[in-house]
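Both of the next two complexes hold chain A, though its partner changes from chain B to chain C.
Right after this comes the complex of A and B.
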């Protein structure tokens, strides 16, 4: 790493998140003797899967200046659709496909409302958050569906490697790799950053910003539906409130990972580090027997911390850049642009 | 300006007409809908929403959102209830004061973070939503506010009253009227509109932009605190989940009432009509025997319809203004 790249990393949000992760691991290790355990890490990975999967789509959405608050409700609706079909003896594959299609359609609705009518995605997805949750409620009411096929609910315990790495772990790793390549190593990814940092210029340069956004909303809905499948197979039951409040966790992970809510910045790497951080914190709270309400509050606190840190890091970075400029001038260097080497 | 104002008034008329139509349809199906006791229950149902929506309107006029109000309602209700549980019943006015103070603290935190640190309000208040809910948990300390803890003076506000209108409804109405007067006749109230329609112009004009933002969040918090006391008066108990999800209904009411999510436009009259519409729909579902489970879906669809209507109106309004003149000139 050149000194310039090192400096850029040191002042990045990702570095801050890595530090937080280390601190969290040290603290939780001190608090509980059961934390540093391979089985526990496997459990953390399993618990973080659904959040992580949705965060993979939320990161580019935030980069392109949009947001999807309906992901928790989309997950709920997809889970309910799957539960209804699977418990009525529809073939498993057909039920899975219908579930994924439900998520994709939900995302398509969001995307079209945002791009066709020029609406703010915050309000649109706040509306669809209520709409999708309402539909899930209307379908199952206060029932809990537990009559799911064994072949499906047992899939979570099918291990890929040894007794630690499950098939969902492997699928998530592949999805994360694909998302990272797509966002950071492909033309589509460059267009996403382009559209996020200067939408007008991107539009005038021939980037089809609207189409890009619709695609990302569809991806968000689809991944929420796949997360619904993972969650259903893990919990072995479906209720109308499945996945409610999940949007908060996903947003926390993405923002904590350094994505800028104003668009144009964000990395899959940062999101993954933040995912690990939130996973460790949640595991620590579970080991400490903290009740649900308190856990939600801690996650909310993390979200606030991550935004305030973003503001502080931005200020620090600006000040460091200014100081470098002053030093160069005071140091007798002539006032000319620094050679780019 | 007057054209825009005229259009806004027409929208409120359209909304009122829609509500009237809905009332006629529901009443035709079931005559009990228009009975005195049912009308009173609609009024009581929208009391909380109306007070909260009047404050949320001010926040939304400045292009911001306050998603933490549901949790704040819970915090103030549980705090007041817990004080009564441990130290005996508070006099009603004092209970209301404590409630408002609790909300004001939350509102000031929101306001300063959003205005000074320039954090997007939707994200900050989303974080506060869960932090404040955590505070509710801490205050409740594993318990909840039971009906015997709530002073009789508070619950009495939900019954009786002049012309069968409970004092609770009158309190909410007073909040709405105060908001109306503030927005219409005070300098700070006009600043709220100015900041929302064009923050840059407002700043260049020397208006106190960030102070205005702090003010609307403080007011929103204070009203949410008051709504916590209203909650106790209305229901007579409070669990730690009290008020959760209210923010969504309130934003739905404001948006349906014609306020623009792009700030700068919206009225108290429209907002109250929006509340009434949600109240009529919620109550109508019950009267017509439609499952309550559809209510969330209906609210969500209403939000979407309202924002689409708002966007369409803007699209119609803007070209009309710029394209009208040349067309007339050639004709």
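Right after this comes the complex of A and C.
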């Protein structure tokens, strides 16, 4: 890494999140003897999967100046669709495909509402958040579906590689890699950054901004549906409120990872580090037996912290640059003597 | 509503202006109102200013000249408290001052018109004029909207601008936005007024109005620092001229002691011809064909033919609909009627247009031209990303090579191609936009104000480039408010007024008078 690149990283949001992660690991290790344990780490990974998967789509959505608040409800609706089908002896593969299609359609609806009518995605997805949850309620009411096929509910453990790494872990790792490559190494990702950073420039350069956005909303819904499958197989049950409140965690992860809510900035790497951070914090709270309400408050606090941190880091970087400049000037290395007139 | 403060009417403003203290005049004997001594500024690895001196006296118009990236805007930002100098000091009325913030400079009655308008797009014109100082009435004080609009209207009238004070700024053209900023600076009744390239987007008539206002202010004792690249304007306006080159002070003398050649030599360090002479070629096969293009309420019945090797100028006043036609041709704006064909192929979307070989260099470089936060190389590669990439995967090495190649051809002044255009001077940002579109190697090129804010040397470079491209068979539509530029380069000149093409002139018959006559309403033309 060149010194300029090193400096850029040192004053980046990602670096800040890495530091927070280290601090969190140290603190939780001190607090609980059960934390530093391979089995616990495997558990953290399992518990973070669904959030992480959805965050992989939320990151580029934030980069492109949009947001999807309906992901928790989409997950719930998809889970209910799957539960209904699977418990009524529909072949597993067909049920899985129908579930994924449900998520994709939900995302498509969001995307079309946002782009066709030029509506703000906060408003649209706040609406569909209620709509999708309502649909889930209409389908199953307040019953809990537990009659899921064994081959599915056990997939977590049965196909485990060794005792620690499960199939969902591997799938997530692959998805994260694919997302990182797509966002940071492909032409699609490049267009996403332009569409988020300068939408008019993107349009003038032939980028189909609306199409990109619809695609990202579809990805968001699809990943939420896949997360629904993971969650269902993990919890072995489905209810209408499955996945509620998940959007808060996903957003916390994405913003804590350095994505700028004003668009144009964000990395999959940052999101993954923040995912680990939130996983560790949640594990610490579980080990410490914190009540549920307190956990939500902690997550909310993290979200606020991440937003403030963005501003503070920006200010720090500017100050550091100024100090470097002054030093160089005082040294006079690059300046010529005052011209005499 | 209990008590209503008397609105600050134009009459009242006149009174207040009279309170400007008497000053010795323009003989130079007085203490400078604002002075910079040995001021330096470094950004990262770039020395923007290197021990520069400047002194502004009351009642003079002082021109600051230099090539793109010479440090003019940086100096103005230091004078108005946006940047702090790394070395040197500022003095107001001979006393050393330290501007920590723009507010501190404003307290010393220093007002600035920035190079790129910085307004609140969602607010109305009047609010932008009086931002932070809106007239209040009632208790608790509320903004007196009526007085504010009336006063804004008066200020705008003083500038010769017919603008609705209640209009939303986001709906204004660049030139109109600039007038709003100007009105804001006027309303502060500053002792020092800094104007950074105010005329780049204005038509000759608007420039005349602006100069009248600036001279009026000078005669009332205001010190004016004026930045521009059009030499004829500088000679028409300036009392003194200070020249910067590569961040260094070159000289400062009375305008009368300079002529065009000496000024260019001071800026560039060598001799440059002021206008490039066109090498005309016989136009080849027809390329772009526009028939009956219309957009309700904006323009109508526009026909255009561009042949290979031909340059067609599109002249007219700001607001005549030239940019709107270009946007519709490229497919960015909806069309209500008409067709666009390139070599027989129908074009509807920007994607189709780009694929067929059409390129469009837009007028507003910061909003439509470059993404100022993303690297130069990524910007240059964007329109041909598919070609630069390998099956959808980025090849950063090729992007950088592409950007370097075009950067060199246009003499782009940047640290490296990974730099963000936000850190570049205005003229160099314009070069990035040009590089980006020339790199697509188009068959038809639409240029909307391609040399706005570009320095003399680079302007000649760009003119030569346009000429070369045409000679090599490219068809070019040149939209420009710089009439000499249009006349020197075009084979044919189309003139637009209020959304219609009012004249089509062969270059031999295109004189400034005929163009201006077609561009303005007949009634005015007769009166003139």
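In the analysis below, the second predicted complex is superposed on the first by the 320 of 341 C-alpha atoms of A that agree within 3 Å, B and C clash if a C-alpha of one lies under 4 Å from a C-alpha of the other, contacts with A are read in each partner's own complex, and residues count from 1 in each chain.
The rule is simple: a contact is a pair of C-beta atoms (placed from the backbone, for glycine too) under 8 Å apart; a residue touches a chain by one contact, two chains touch by 3 or more.
The structure presented is a predicted model; accordingly, all values stated were derived computationally and were not measured.
J.: So, A:133: does it touch chain B (first), chain C (second), both, or neither?
T.: So A:133 only meets chain B here.
J.: Once the structures are superposed on A, label A:299 by its partner contacts, choosing first (chain B), second (chain C), both or neither.
T.: first
J.: Just checking: does A:198 make contact with chain B only, chain C only, both, or neither of them? Give me first, second, both or neither.
T.: So A:198 only meets chain C here.
J.: Using the touch definition from the top, say if A:174 reaches chain B (first), chain C (second), both or neither.
T.: It touches nothing on chain B or chain C.
J.: If we overlay the two complexes on their shared chain A, which of chain B and chain C does A:251 touch? Say first, second, both or neither.
T.: Once the two structures are laid over each other on A, A:251 reaches chain B alone.
J.: Contacts for A:120 in the overlay, against chain B (first) and chain C (second): which applies, first, second, both or neither?
T.: first
J.: Tell me which partner A:38 touches in the superposition: chain B (first), chain C (second), both or neither.
T.: Once the two structures are laid over each other on A, A:38 reaches no partner at all.
J.: Mind pulling up the chain A residues that touch chain B in the complex?
T.: So the residues of chain A in touch with chain B come to 113, 117-120, 122-124, 126-135, 137-138, 141, 240, 248, 251-252, 255, 261-262, 291, 293-294, 296-301, 303-304, 307-308, 311.
J.: In the complex of these two chains, what residues of chain A are touching chain C?
T.: These residues of chain A touch chain C: 185-191, 193-194, 197-198, 200-208, 264-265, 321, 325-326, 328-329, 334-339, 341.
J.: If we count contacts the way the header does, which residues on chain C are in touch with chain A in the complex?
T.: Those residues of chain C that touch chain A are 38, 40, 42-44, 47, 50-51, 53, 86-87, 248-249, 251-252, 330, 332, 350-351, 353-354, 360, 362, 367-374, 378-379, 382-383, 385-386, 389, 392-394, 436.
J.: Could you please specify the touching residues of chain B with respect to chain A in the complex?
T.: Spelled out, the residues of chain B in touch with chain A are 65, 113, 117-120, 122-124, 126-131, 133-138, 240, 248, 251-252, 255, 261-262, 291, 293-301, 303-304, 307-308, 311-312, 315.
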